[in-house]
Every structure is written in structure tokens, then in C-alpha cells.
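So the structure is just underneath, and the comments pick up after that.
By letter and in written order, the chains are A, B, C and D; residue numbering begins at 1 in each of them.
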Amino acid sequence: MRPFVENFPFFCIFLAIVGGILSAALRRGRIAWGLTLGICAADFFLSAAVLAYTFINQLSFTYTMGRFQAPFGNAIQAGPWQALMAMVFSSVMGLSLLGGARDLFRDVEPSRQPMYFTMADMVLASLLSLTYTTDVFTGYVFIEISTIAACALVMAKDTGTNLIATLRYLFMSLLGSSMFLLGLVILNSVTGHLLMSPLAESVARLAETGKYEIPLTVALGLMTAGLGVKSAMFPFHMWLPDAHGGATAASSAILSGLVLKGYIALLIVLMVRVFSLELLMEIGITNILLAAGLMGMVMGSLAAMREHHIKRMLAYSSVAQIGYIFMGLGLGTTAGLAASCFHILVHACCKPLLFLCAGRLSAVSAHHHSLKNLRGSAYRDVVAGVGFTVGALSMIGIPLFGGFVSKLYFATASLHTGRMAAVLLVIALSTLLNALYYVPAVLSIWGIAPEELKAEVREHTADEERAVDRLFIAAAAALIIGVVVLGILYHPVMDVLNLGLSLLK
Amino acid sequence: MLETLMINRFSITAAILFGIGLLNVMVQKNLIKKVVGFNIMDSAVFLLLASLGYVEGSTAPIVGEGAVDAAQYINPIPSGLVLTGIVVSVSITAFSLALIQRIYKRYGTIELDELMERAKKEVD
Amino acid sequence: MHHILALPILFPILAGAVMLILRPAGRRHRNLFLMASVLLTTAFSLTGILLSYRLGGDALTCVLVSFSTWLSISLKIDGLSMVYGTIVAVLWPLITVYSILYMEHEGQENRFFGFWLISFGVVNGIAFSQDFLSMYFFYELMTLSTLPLVMHAMDEKAQYAGRKYLVYSISGASFAFIGIVFLLNYSSSLDFTYGGILDAAKTVGAENTLLVVFICAFFGFGVKAAIFPFHGWLPDASVAPTPVSALLHAVAVVKAGAFAVARLIYYGFGADFLRGTYAQTVVMTATIVTIIYGSARALRTPHLKRRLAFSTVSNLSYILFSLTLMTPGGLAGGLTHMVYHAVIKITLFACAGAIIVKAGREYVYELEGMGSRMPVVFGAFTVSSLALIGLPPLGGFAGKWMIAEAAVDTGESLAYLGIAALILSTLLTTLYLMTVIVRGYFPVGQLDMEALETIHDPGRMMTVPLALLTALGVVLALCSNTIIHFLQMVSLGIV
Amino acid sequence: MLLILPILIPVIGGIFVFRQKNEQIRNRMVLCIAGVTAALAVLLCLLPEQTVELMTIQGALRLSLQNDGLAKFFMALVALIWLPVAVFSFPYLKHAGGERKFLSIYTMTQGILMGLAMARNFITMYMFFEMMSMLTMPLVLHNGTPAARRAGFQYLGYSVFGAGMALAGFFVLAYYEALPDFVAGGILNPILASQHRELLLAVWFLMVVGFGAKAGMMPMQSWLPAAHPVAPAPASAVLSGVITKGGVLAIIRVTYYMFGPKFLAGSWAQKALICLALCTVFVGSMLALREQQFKKRLAYSTVSQVSYVLFGLLLLTADGVKGALLQMVFHALAKDTLFLAAGAIILSTNFSRVDQLRGIGRRMPVTTWCFTLAALSLIGIPPMSGFVSKWYLASAALESSISWVGAAGVAVLILSALLTAGYLLPIVADGFFPGADFIAEIKEVGRGMTVPMLIFAVLAMALGIFPGLLLRPVEALCGLIF
């Protein structure tokens, strides 16, 4: 008899889906909200349990739903890595919904609120399954689900610009997912498998025999590119700023904190478990990833420097951060992968924090978004100011904060690969660029506002906005703690990741 | 030559269809047509997928009266996948159509370029 | 007991934060609070220094934050820390007194003094950090905490200067970061150890890469020490309020750059590893160029504070040049000049500030005949100028002497070139300082007397620190033998 | 302790002079201070050698004073010149203005010069040398015109750069020293030195050229003609009478008390420097001849005359040094007379060009007589003092071990003597015999100005007639060195 804890991963996904269905049925948004939060909490604890179990016993197990054996049944594989990801995803999801609550209930009209939370649940469900799945096709299905859900989250705040942003987002991701599907089918046609473990074996066999070389390359390329498109890898990032910049704070937080990461998680699983890094190196996909990553780091920051709209700035900086992650993948070493995973965690804590704080800051200053009009807003909500500052410092990569650690690991990972010089230089450059837009932003929110601006803000800000937002404070505090913990106690986290990656194979 | 064409007819058709769909997505200005393009792409993929599972001269894997050995059946898994895929693409299509409808309600057009400039007008 | 080292760092940071948040309205209260915290901090850091001088540095180490078994932010005071820490701890209160009066005409004192205190803590952190990671941490923090001071005026010029300062510092730091990553991977521990921490077993075969990285890191840290061609931020930063230019851009920040370079050469890569390599040639050439360039530009700059800033550029490269000699003598020379230049240049800036406050005159050609109107200020200025020119027995000479002796000891042709550069720069120094003094005392042409009549020495809050600083410079010069002996002990790694 | 007084008294006294508003008191003050300092100097000259430590900069690098033979010699010279020039300057400055600044600095300078003389090692000497440059610069830019300021900075720049070259040399030299302090005959560590002879010779060349700037030696002589015309007469007098000799003193210290003649004799550096000196002698006189502005002409003549001294020193023989030292004194006396005379003339007639001076002898007989005597001495016509020194120089040149030096030296000396006659005597001639048509009323300056001139002129003649007075100490000094 297997220990009961091995059911938890499935429970997590199941809970999320059920929650989604339930909240669709609910009338009042508040209740759905509470339900979703509860589910997030539950998932968090369940995943924590799984993490503890797998990490202590140093194992990763496969859970087959309803005991149907593959290829007919659907299986889940859970190890420390998956558990950690699931934990972070669910917790960050909950915190985003918590902190963004006030904006959310203002931006989304009451009748739609339950649906919003349905979508949120769906996103959570798909994120979890993307991390847990052992079946590439299941992966595809959940990619599509998360696409729809994410689009819904964007268009929840019903403005024209948002609609158009959603449209672009939708088309872009449809393109990505159909690329992924095509690659999947070709792979299936040359191997005849969809489950990861047999797929891996046959891919390896094909690789060494050199049979079907072109279809294999095309398939891998298409799948990687498809996932790249969906996670806003550099040349395909145009949709991101509109989508993330326009949406309500919670949505932006979820989208750039989590959704992107879900696809990357799937990509990492595929890279490690199915394709194997050596093969990818051999056919040169890693180089493409590396190049895209490096370009993204620079271009994203450059674009962010030109932005004055604070949330669009943050969105562009997400492009840069995603660039970091792809750079790590592109190094094609386990160290690089570990660094990328760590950066996923850091960014998953950091970016929601920034988005929530930005939303709060503009809320207390008459919903202005341009940095010029946000001057002195930090004094109107000190917690938001502090949170934004912490996030910014972490982004620049000041020690004590998560960003520095991932920078350190990226640099170290690059040392013994052939591409050391390029990587190090770009890291240095992007540090500078990050500083160049984050520090002025921080300075301006802590700056001294001119009198007329003060007056204007004073009259246009409603009292309930000005009131202290306890939920936000809680969420921000949690996220800040997360960032700092990742910055200081990163060592155990790294151990988990390394173990998990080794067990992923 | 003809042999190869005949053998790979499904894949070739699929490729052509996929190309058409992609072209639609890229060049069409009309949002609905774009969506249609996506649909074409998807069906191309489904065709490919189904053809993979198809075995010449064998029947659908339905257990009728009297036991028949598995050799007569086609591979069922791809068909199952195709079904799932169709479901997914239908839902996607539905969603995008809904979205387009919303946009039409708001801006009174589904031509991309007009839409863009109207949106710009709205912003300023 | 151990955590006394944390005090001089954490206390002022907290105090500054308190001031930033509470924003005391009353001038008296703020000044009391300010002076109290500054003096306390000085007391703390001097106690720490004395204790670890008595008991030895190892007796008194303190881990602020521990990342892992081999990475942490931790504090320890060795000889080098003592030198730099003492300079900072002694000069900070004096300039604080000066700035209390000065800042009255700049406004926004709460913000200013808040960050002023925070910077004090951070600078102490740089002085006392035990390993490269901690130093890098405080180094970054210093950039961020001094930025608001530079941009204090918040007008166009200040914004521009601040941006420039930020760009230069952060990019420098990120190059330094590359160096640190390599040190991390080619050594067994990041703790400063005299003679270098590179692990011979690991470096085999990677020497060339390491040299390139060293050059990277040297220039990275060198940015703060305003080495050519990365000196651009310093002259522009002189738009900052004078206390900032005086303390940060003549002492704390720029000396931190030199300090970090010393750490990098003598406690990181190790002088023996670098001596005689092309890396040494590259960096030494850069310093020599800077020495000449700085003084030449200073001579051609009419704006007094900018002129002093350029003179700082050149004098810092005296220090860097001495450090790049890669010998204990070189380290001693660098430290000597570090000490004396700190005291001298801070006085000069303070004088310039006093002139700006009382007379509103910023350009050299506006100073005709003011020597007799502001006797104290110009007296201090004259004495310090003579010291900077290097008139024995005043301070500047001792530094030059030590540097030159170290250079001759190495017997390399490039080092002799460096001596020539020192001499040429001495000439230029004489000219760009004497022009100021001569204009002050021996005016030419018609002066509008009634404008001059209105000018007087500033209040006691300014003149007393000025006098004290000048006296300090002279006294330090008079007991140079003892000081230099101590510095030599430090540079041999004995203290 | 006594050694410090002649430095401290004037330096501190100078401050009081500056603060003193009342003219009478101030002038008396200046006189007292100068007198006391002179008395102290003379006293030190009579006392046996003694040394005093001021402070230690680092290790062997000390600031200390001593009154050895050379110091005594130079102190005596300063003491001799200072008082009369001070007397002269009172009436002169009444017209020029700015007495307080001038007099206080003038007083301080005396102290600094005493220090320069008594410096016991290079650093002390360098210190006083720099102080001297910076302190005397205000004397040059006294009249406060832009031209004066330019000249002042030119003067400062040249001196500081020269001193800097010397300092650079010292930085290298310090490495090869056996002893920290000056010792007659050199202090090089023979073993080390013999290993790096070429380097050290280059260093010596550098140092001599550097200090040569102060002594108006080529290639850095051009500050002199720029500075003198703008400086007030007393300032020019002490500048070319004494300050230039400060450079000479430094060169003596470097050559004979640090390197030592044995180490240097016959080296390429010596030859090169001798060439430089001779060139300067010749070119100086030539330029003086072509120069029409009165004080500038005198300045050029200083350039050439001081290089006589350097020539003598660079021969590295006892006679050479003897001649050089004599020339130092005699030139000081003669040139001071000339400049004071020039000052007097400019003051009463404000003629500044040579061709305006026709008939000056009728107007200002005393001044012109002094001028004449000094001119004769400078040319070197017996029985004037100039002759003695030049005689010694010539004989030293002839005995020199280097073959061509004798011929070249003598030739240049004679040539330059002719040129000197050429640029000084016409003034005198025109001054006394302007031609029949010239009518002029006597416009002699006051006694305050004539007396100092007379003193110098008479001394210049007396020392020529009884050279023994000066010869004995000079020979004693040379005995120490060789």
C-alpha cells in the first residue's frame, strides 16, 4: 500500500478544478474569492507535505489516476522539484488575489467576479498539471486551458485597450500552441509515443542511430519555439506589455508571475526528461535559447527604460527577466537549469510584489500611472513604497535579496561553458540597465511632489482608496519575506532544486 | 515519385493545409478570417494525427459480435487525441469569437487596422 | 561583545531611517539628534578599531547575515580597515557640524541628513567588511544611499549628475561583480587574506583569464576612484551640496574605490600573482594617464568646485598608481597619500563651500581680492593648498615621498615614468591652486568695493570645523613619522 | 636653537609688519628685524658649526639645519644685501604703493633665505627653496597689472618645475645615498653608485638644470627678462642679486655636497652642462645688447653673469669654485647697484628705455656715478671687483682637465666681457656727454635712495682693491670641499 501523501498532487489539481466549477456556480464574488483563497492555501499545504515527503525520502513517484496503466491511463509524476514549484505557484496565486483584492473588486464588474475566480482556479489547475504531468499531450491540453483562462483574466477589466491586448495575446498564444501541437504530432509520428518516459527512450535511440534526424530536430524546435512564444521569449514578447500593463493588478501579477512560468516549467521538464540536454546542445537549440535570452535581457530593459507608465515598465522588465531564465536554459548545463529554476522562484515572488505595489501606489494617487505623477506616492502608502523598493533592489541584484543570488548562480553556471564572456558581459550590462529604470522609479515614488500635484491627487483620490488596505499589507509582507528569504536562505532551496532536477530524469 | 506522393498523401495535404492556415493568420486583416485560419491549421494537424493511426484496410476498434484479433483494428490512441484536440480547438474558437464579438460591440469593426486606429483615438 | 562591530554600521542606518520617517520639524531637535548619532557612531567605530588593535582582528569578528557555510556578510577589522575606518570616523563629525550651517540655505534637511547618516553606516560597512561579498554588498548600498545626496537639489543639473553617477557606479560595480564571481570560483574562501586568496591548485591554466578579469575588476572598482576614462561622474557630481562633495566625493566614496582596489590587489588576487604581468602594465598606465589628465583639466577649469574635483581625480590616481606597484612599499605609499589627501582635500572643499555660502561666488575669476575679506577661509585654503602642492613638512609631501620611494624600489621604467608624472602634476597643482590664492590676496584691476564689503567669514559653525580640519592636517603632517610607520606595518600585513 | 632664530624672527616679524598701519613705526620695524637678523647671521658665521633637528618626516628623511661654511658664506651675503635694499625701498614704495604687503613679504623672504642657506639636507633645502619661490612671487606681481601677474606665474612655474625636476632627481638619488645629510665631498654610496653611474649622471644633469632655472640658466632662463621689468626696483635688486644665487647655492649643494666632484669629473653630463652655461653666458649678453628696455637689458645681463658662476662651479676644480663664489658676491653687489640706480632713474624721470637716458648724468650725477662704477665692475675692469672673479674663472678654465674647455671658456669670457661693455658703457657715455645742446636741471633722488647705492658701489670697488678680505674664507671653504 503506497503512503497516502502520494495522492496529494492529484488532490491539488482536482481541488483547483472543482473550485473553478463551484465558483462558476456561485452568485457573489466575495464568496468565490474566499473559496479560491482557501483552495490556494490547501494546495499550498498539500504541496508542502509532498515536498517534505519527497525531499526527506529523496524520491519521486508516479501516480496513476484510477490505476489505469499507461498508455491508456493518465499519470502524474511528483518529486521535490514539482512539489516546490507547485508550492510557490499556489502560494503566489493566493497572495496575488489577496493583495489585489481591492482593485479587483473595483475593476471587475460584480456579475463577472465569480467567473474571474473560475478562471483563476483554472490557471492554477493548469499550472499544477503542467508541472506534474507525465504526458506531453496532457501538457498540450492544459496549455490551451491556461491560455483561455489567462486571456479571460486579462479582459476581466473591461476596457477597449484590454480587449485588443487580449486579442493579440490570444492570437500569439494560439500560434504558439499550434506550433507546439505540430511539433508534438511530428514527434509522435517518429517515435509513436506520447508518454514522457518511453518517449525519452526512443528519442535517445533515434538520436544515437541518427534515424529521422530532420523530423526530430523540427519537432524539438517547434515544441521549444511554441513554448517560447507563449512565455514571451524575446522576439515574441510584443504582446506582453499591453496584456500585463493594462490588466488589473492581480491579473498582471498572476500573468507575469505565474502563467509564463508554467510554460517554462513544462519546457524544463521536457528538456530534462525527454529531450536530454546533450541532444539539445548537439542540435544547437540551446544556442538559440541562449541568444534569445541574452537579447531579451538587453532589449527588454531598453524598452523598459523608455516607458513612463509604471505597469508597462514592469511588464517590459518581465521580458528581461524571462530573458535571464532562457539564458540559463541556453547554457545547457544542469547548473544553468538550476539557476533558471531559482530565478523562476525569485521572479515569481518579486514581480507580483512589484505589480501589487504599483497598483496600490497608483490607487492612492488618483490612479495615475506615469512615474511623473507618482512622485511622493510612497509616503501615501508606506508599505507599498517599501515593497516596491525591495522588489526593485532585488531586480537590480543587491545582495540580501533574491535577485542577487540568481545573478550569482547564473554567473557561476556560465563559468565553465564556452560562452562565459558573453554571458558575464550581458549580465553586467543588464544589471546596469535594470538599475537605470528601477532606481529612478524608486527615487520618484519617494521623491517630493510639487504642490499642484499634491492638491490634484488629494481631490481625485477617494477616501476608501486612501484607507489602509490590510489584505494588501499582508500579501506584500508575505512576498517581501519571500524575496528576502530567497536572498538569504537560498542554500536549502538550491539543494531542493538540484535534488529535484536529478530526480526529474 | 508517384509512389512517395501516394504514400505521404496525408502528410502532404496536412502540410498544405497548415500553410494555408498560417497564411490566413498572418495576412488576413479580418479577425474572423484569422480565427478561421487557426481552425484550418488545427484541422491540418488533426489530419496528420489521424493518418498516423490509420492502418490500410483495417476497421475502427469497436468490439462487435464475435472476437476479432487486434490486428484488424487501427491504432485507437491518435483518434482519441484527435477528439481531444477537436474539443480544445472548438473551445478556443468559441472563446475567440466571443472576444471578437465584444470588440465589435465596442468599436463597431472587426478589421484589424481600423480597430487599431479607433483604439488609438480612444486612448487620446 | 562581538557585535560591537555591528553597531557603527547598523546604528547610523537606523538613526537615518528614523529621521527619514519621523521628519523632525524643529531645527534644534534635528541637529541635536544628528550630532548625537554621528558622535555615537564615531565612538562606536573608534572603539571597535581600538579593541581589535589591542586584541587582534580575529578576536572581534561579527557575522551579520550568513548565506551558507562559505558565503556570509561578516565584519572584521584588519589594518586596512583601521586606516580607512579611522579616516571616515574622524572626518565625518567635523563635516557634519559644518554642514548643519551649510544646509540651511539648501533646504530639505531631513531627507539630506537622513541619507547622510545612512551613508555613514554604509561606509563603515565597507571599511569593516571581512570578505569580498560583504564589501560588494556595502559598495552597492553606498551607491544607492549617496545618490539622493548627489541629486539633492533635484533640478535638471542635479538629476543629470545623479543619473551619470548612477550609471558609472552601477556599471563599475557590475564589472567588479564579475571579478568577485571569479574569485569565488578560484579560491577556497572569500575572506580577505594578505597576499591573496587565489587557490594555486585551481588557477593552473586559467592565469590568462584571471588577468583579464583582474583588469575588469580593477576598472570596475576604479570607477569609484575616478580613474580615466571612467572619471566623468566626479566633476559633474560637484553640483551636489558642498558637504557631499567634501566628504563623499573627496573622501568616503572615492577613497572607498581606492580601498577596494587595494583589497582587490593585495588581499584578493595577490600582488605576487599580478606583479610583472601585462595586467599590471595596463592598469599602471591608466593611473599615470589619469594623474596628468586630472591636473591638466583642473588647471583649465574655472569653476572652483569642479577644479577641486579634477584635482581629486588626479590625486586619487597617485594612490592607485602606488597600489599598482604591487609591492608592500606601494601599499604603504598609497595609504599614506590616502590619509593626507583625505584631510587636505576635505578642507579645500569646505573652504569652497564657505565661499559659495557667504559670497555666492563659484568661479575662480570671481575671487579677486576676497582674501582679505574672508581671512579664516582663505587662510585655511592657503595652508591646505601648500599641503596639497607638497611643500614639506606639510602632508602632501610625505605621500609623494613614500610613493616615489616605492616606485624607485621596483626599478621599472614605467614606475620612473610615474615619478615624472607625479612631478609634472605637482607643477600643475601649484599653478591651479596658486591662481586661486593669488587672486584672493593680490587682486588685479578694478574691484567693486561695496560688493566686497558685504562679504565676511561665515559663522562659527563653519569656521571652527575649518580651523580644526586645517589644524588636523598640520598635526598629522608633524607626526608623519609615527603614522607612516603604522601604515608600513599595515602594508606588510603585520597589523 | 640659535639656528632657528634668524628664520623665525623675520617670518613672524613679517606678520607684525603687515598688521602695522603706521608708516614710521613700520619702517623702523622692518629695519630692526632686518638688522637683528643680519646680526644673528653674522654671529652664526663667527660661531662654530652646530646643527638642530626640526622634525622627522619618515625614517631618515629629516628636516634639520646647520651652519657650515657654505651656509655662513651665503648668510653673510644675504645679510649684507638686505638692509640697504630695505632702506632704498621705503621711499621707492611711497610712489609704487602697497608698502605693507611688500615690506612684510620682503622681511619674511630674508628669513626663508637664511633657512635655505642653513638647510642641512636636500629636503630641508627643497622646502625653503619652494617657500622662496612662492613668497617672492608676490614681489614680482606687486604692481598688480595683468602683465605683472603673467610674469609672476611664469616665474613661479619655472621655479616650481625646476625644483620639481630636482625633487624627482632626489627621489632616485635617495636610493643611492650613504648618508642622509650634506657632507662636503659627497654622500653617495660608492658601491651602488658605481653600478648605476649613467643613471646617476642623468639624475645630476636633471637636478642641475632644474635648479638652473632659478639661476637663469638656459633653457629655462626666460622668466628673468619677463619678471624684472614689471617688478619694483628693490624686488628686482634682490631677485637678481640674491634669489638667483639661491639657485646657485642649491646647485653647489647638489654637486659638491651630494654627488661630489670626484664622481662627476670628466663625465658627459659635466661637458654638456658646461656647454649650456657657456651658451647662456654668450646668449645672455647678446640679448642684453639688442634689448632697448632698460631693466630688461639688466635682466639679460643677469642671465649671462650668473652663468659665469655656474661655469665656474661646473669646472669641478678648486679654482673654479673659488672664482664662482667670488663672482656670486661681486655680481650681487654690482647688479644691485645697477637695479637700484635703474629704479631711481625710472622713479624720478620715469624713463624706461635706454635711448631716453641721454644726459641722465647731468640730471642725476650720484646715481649715474654709482651706475658707472657698477658697470665697470660687471665688465671686469681692474681695479673693480668683477675683474678678480673673472680672472680666477679664466685661470680655472685654462687649468681644466677637459681639453677644449680652457679655450672655449676664455674665449666666451672675453667675448662676453666685450659685449657687457657694449651694452652698459653707451648708457654711461650718453649719460655724461649728451652733447652741447642738452640742458637739464638736477633732479637727484633723496638720500634714502642714494646712500644704499653708494654703499654697494663702494663695496664693489673696495673688494676689488682688497680681494683678500673675501679670498681667505672662500679658500677655506674650497679646502673643505676638495
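Just so we're on the same page, a contact is a pair of C-beta atoms (placed from the backbone, for glycine too) under 8 Å apart; a residue touches a chain by one contact, two chains touch by 3 or more.
Keep in mind that what you see is a predicted model, and the values were worked out from it rather than measured.
Visitor: So which has more C-beta pairs touching, C-D or A-B?
Guide: Higher contact count goes to C-D.
Visitor: Using CA atom averages as chain centres, what separation in Å is found between chain A and chain D?
Guide: Between these chains, centre-to-centre, one finds 85 Å.
Visitor: In whole angstrom, how far does the Cα centroid of chain B sit from the Cα centroid of chain C?
Guide: Chain centres of chain B and chain C, defined by C-alpha means, are spaced 69 Å apart.
Visitor: Where the centres are mean C-alpha positions, what is the separation of chain A from chain B, in Å?
Guide: Each chain's C-alpha centroid was found; their separation is 28 Å.
Visitor: With chain centres defined as C-alpha means, what is the inter-centre distance between chain C and chain D in Å?
Guide: Their C-alpha centroids are separated by 44 Å.
Visitor: Which parts of chain A, given as residue numbers and ranges, touch two or more other chains?
Guide: Where chain A is concerned, no single residue meets two or more other chains.
Visitor: Give the residues of chain D that touch two or more other chains, as numbers and ranges in rising order.
Guide: Residues of chain D touching two or more partner chains: there are none.
Visitor: What graph shape do the protein chains here make by touch: line, ring, star, complete or other?
Guide: Drawn as a graph, the chains make an open path, so a line.
Visitor: Give the pairs of chains that touch; include all such pairs.
Guide: A-B, A-C, C-D
Visitor: Would you tell me which residues of chain D are touching chain C in their complex?
Guide: Chain D residues touching chain C: 54-59, 61, 63, 101, 123-124, 126-127, 130-131, 134, 137-138, 141, 144-146, 148-149, 152-153, 156-157, 160-161, 164-165, 167-168, 171-172, 174-175.
Visitor: Touching residues of chain C toward chain D in the complex: what are they?
Guide: Going by the criterion above, the answer is residues 386, 389, 391-393, 397-398, 401-402, 404-405, 407-409, 416, 419-420, 422-424, 426-427, 430-431, 434-435, 438, 441-445, 478, 480-481, 484-485.
Visitor: Given the complex with chain A, which residues does chain B contribute to the contact?
Guide: Touching chain A: residues 18, 25, 31, 34, 38, 41-42, 45, 48-49, 52, 77-78, 81, 84-85, 88, 91-92, 95-96, 99-100, 102-103, 106-107, 115-116, 119, 122-123 of chain B.
Visitor: Which positions of chain A touch chain C when the two form their complex?
Guide: Chain A residues touching chain C: 393, 396, 398-400, 405, 407-408, 411-412, 415, 424, 427-429, 431-432, 435-436, 439-440, 443, 447-448, 488-491.
Visitor: Name, in rising order, each residue of chain A that touches chain B in their complex.
Guide: Interface residues on the chain A side: 71, 137, 140-141, 144, 147-148, 151-152, 155, 160-161, 163-164, 166-167, 170-171, 174-175, 178, 181-182, 185, 188-189, 194.
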